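Think of it as A, B, C, D, E and F in the order they're written, each chain with its own count starting at 1.
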């Protein structure tokens, strides 16, 4: 970046921009969007950020933007995770954060859009790995299929388990955002205003947000006890 | 175009022709059609135009013709859509407009023809994406299949949902055209006369047409409430 | 042709022969057939001709022969159709004409032969397109399958619809030929005698044959009302 | 042949040998067979010959041998058929003749051997063509499958029809040979003695054998009325 | 062999070794085996030999060894069979002999090992050919599948028939070895002692063993009447 | 190793390191792990070691480490097995040892992690071979499928048997570790302290551990009688 701008030093901003460029492509001057779509994109990205913030083990967003970059109309950048092993809770939280954008659209606009396509692919890959590689589904058990000879019945059971895990994560994402609508609205407001927020701005907008202890409150993927009152 | 015609200037018409040539191929001097087929082609194209005009969010036709061009016996050209996110309503309206040609044939001639082949392909692609990529079917949920291992049951559910979405859009297309038969007939009449209409001609033929608020009157793809009286 | 025969002019006959050669291959001096087979071949070709003649929208035969040509033991040549759109009636009639040869064998000899192989392929292709591309089956609806993921149930429904359409066309072919057996016999007689008939000979042999209005008398492919008495 | 034997003329025998060599490969000096196998091979070949002889429309054997030739331990050579069209009776008779070898083994030794492998392949190909290409099965009708999308149910129906046609032909083969056991034994006897018989020897061994009118006595493939007493 | 050993003559032993080398690979100086495994290997090979010896039509073992050779920990070499046709009895006996090793392990040690992997492959190939190529299964009949379009039901029936034939042969192998346990033990004893036995040693170890007439005592593959008392 | 360190002699340690490098890749200076993950990795590896130690026939661990090496976060190295034949007990024990890591995670932390992915693949391969190649499942019997034509029903039965065998081994692993929790904890403690243990250290940490006679106490794969009291 410095080279093109004819400056001598490489600044912190140059480094940031370099990383984001690698992750999501170069900034685009503009992208065609219809009236009202900017607000929808902002809520979508804010949904990702707020859900991640509320999940006990999930990395927080370091950056979020609604400026188009590469193919994306906006994106949120999370801290790099130093984790070697993922248990059911980690995977469940990853799915909640990934579905946070779609859940925000549903809560605020009463409908979802095609913008969650990549998020859906991601959560289905996580849930599929949990069921077919990590043995985390009770119904499928520790069975690992030979992909060439898998029976139709086993395929159907696997699909049912994946669907359930994804549905549970979406249910939790809806519950979390519903319970923190104020913060979702505020983060969206400043995001529309500034179009690009760093970690410090995100923290300022959200205020002090309680970490949601997914482990205590529910029993892994499959349960939707996010806001279940202590019995 | 100008080069071949030995003219010096590139006119607005040259630009238009260039774009249409790219989209549908060059004009053909003639194409073999049977007696009465021109009227059928005109009604088919007019059906697309009127349905699009009545849908609240759909782009309007800028041009419509019954002169053969490339493989098409006629075609309607819609404005370019500046939209990044498509929700259920947008997809439903896109299917209504695409099925407008077939619906017009059914209403006017009491039968459909092979001419809707490409339209059927298009609406099925839209509905399939809605069900399998955007998670817009309640029965399939947010499940995204791994195409290599999909069970027969899930295939059948997906097909049922696609069929339902397409059928609902067709039902709405029939209802819309049935309720605006006068405008359909008039547009067809001037189209047969002029063989080619620009936006201004279309507006003149249709007169003041109320935009149909698909959002208020039905609940997304799957419902056929196009003309349901307010309860 | 003229070149080989050492004649200077290209006659009308040369042109005809050229076209037939392109469509069915060169004439063969002889082909091995068993006793009685010539009559069967003649009835088969006459069946195609008579059925086409009786169908309201179908092109008439311009030429029919029982001289072997290419792979065919005989063939009937129909006028070129100038039609851009095919509705259910056109497809139904095309299937009736294609099954006319097999129907004639069944009526006259009480059994069918392997000679209808190509005809069966053709009518199944027509019916399959009607069901899977043109949306003309009520049971399948406007659904267009993604061929990679089609469920077994949908395959079975599609096959059932195809079978029904073909069976209805065959039923109509049988009815039409049964009701015009005299003409079928007469055309076969002159065909065996002359081995090759042009349009003028066909018309002479058939006499004045009423066009059968398939549209009024039945409701498209699937119904077998060819000879249903007016209720 | 003449060239190698250093003779000047090409005799009738040379021509015969040439044709047989093309059809079944060169004669083998010897082939390993177990005790008693020569008789089994002879009965197998004689079974083909007698069944063909008894079928009304089937070509008769011109030559039969139990000398090994190419891969075959013995073989029967039938007259070349000049037939363009095959109906159900022709196909049924072809299956009877092809199963005659296996039927002879069953009748004489009470069990069948692996020697009928090629015969089984052949009759299944005939029956499959009758069902899937010629439309000769009532249950499958005139349906011709698109091999890429055929449903499991249709596959099962097709297999059932093929199995039934083959079983009926085998049943007729057993009945025919059972009723003409004397001729079968006699032909086998002279075949073992001479190892190679020409048409004249076959006729001499069989005596005057009534042609079995398959057409009158049964209703095509599927019925096993070979020896049904006239009711 | 002679070349490497620097001897002038090719002995009978050289020829034997050459053939065995071709069939099973070169001798290995040693192969890693656990305590007690040599006895298991010896019983396995002896099981093959004794079963073959007791089957009426099966070739006898000419040589048996527990010295590792190529991939095998031991192997038994049978006489070359001069048979052109195989009936149900021959195939059943071939399966009994092939399963003799596994049956011996089961009888002597109460459990089977992975050492029968190749034997299981072989017997399943034999049974599959009997069912799908030779028409020897009553349930499948003379049906030969087109492998591209075989229905799930037919696959299941074929698998059931194969399983039954293999199970019957295994049952007979168990019965034969159980009834001749003394000979099995004695052959194993001398095999462990000598590690390699020729035909003369095998005969000496087994003493006079009655040939089991599989044909009289059971009705082909599928029945397990090996030791059924005469009723 | 010596070459790089500029030493003249190749020590015993050099040889060890060389072998481990081949098996698991080079040591990594560090790998990103989250807080508390080292303890989880240590319990996982200790679980493998303790289970193997308790299985009567399984080789013991010679080395165990929680230093990252290649792709692995830790690994246990077992003695090389000199065994030619594997019966049900051997396979069952191999599955118990392979599932020991996952079982330890479950017992100590109440949940499993993605770290058992490779272990699950391994045990499923073992169980699949037992069912489909070694004929060790009673329900599948001695049937070996032709992989191209296997019925859906057989696939389902095979999958059910594999799942049962794996579940039984996991059940035994849980029981063994539950009954020897003290040793598991102690081995984990010294492993975390030293990060790398040789055989002598493992023995010291475990003390005198009774060999569990899998053969007497249960009936092969499928039974979970690890700690069943003697009846």
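Structural remarks
Convention: a contact is a pair of C-beta atoms (placed from the backbone, for glycine too) under 8 Å apart; a residue touches a chain by one contact, two chains touch by 3 or more.
Just so we're clear, the structure is a prediction, and the values are computed from it rather than from any experiment.
Considering every other chain in turn, the ones in contact with both subunit D and subunit F prove to be E.
Ranking every chain by how far its Cα centroid lies from the centroid of subunit F, the top place goes to C. Copies subunit C and subunit D of the same chain sequence form an interface built mainly from non-equivalent positions, shared numbers / all numbers used being under half. A centroid comparison over C-alpha atoms places D as the chain most distant from subunit A.
In this entry, subunit B maps onto subunit C through a rotation of 60 degrees when their C-alpha atoms are superposed, rounded to the nearest 5. Here the spacing of subunit D and subunit E, counted between their Cα centres, is 36 Å. In whole angstrom, the spacing between the mean C-alpha positions of subunit B and subunit D is 61. Each of residues 145, 150, 152-153 in subunit C touches at least two other chains.
If touching chains are joined by edges, the resulting network of the protein chains shown is one closed cycle, each chain touching exactly two neighbours.
On the subunit E side of its complex with subunit F, the touching residues are 31-34, 37, 40-41, 73, 99, 102, 109, 111-117, 120-121, 123-124, 128, 145, 147, 150, 152-153, 155-156, 158-159, 162-163, 166-167, 170. On the subunit F side of its complex with subunit E, the touching residues are 81-89, 91, 129, 133-136, 141-146, 148-154, 220.
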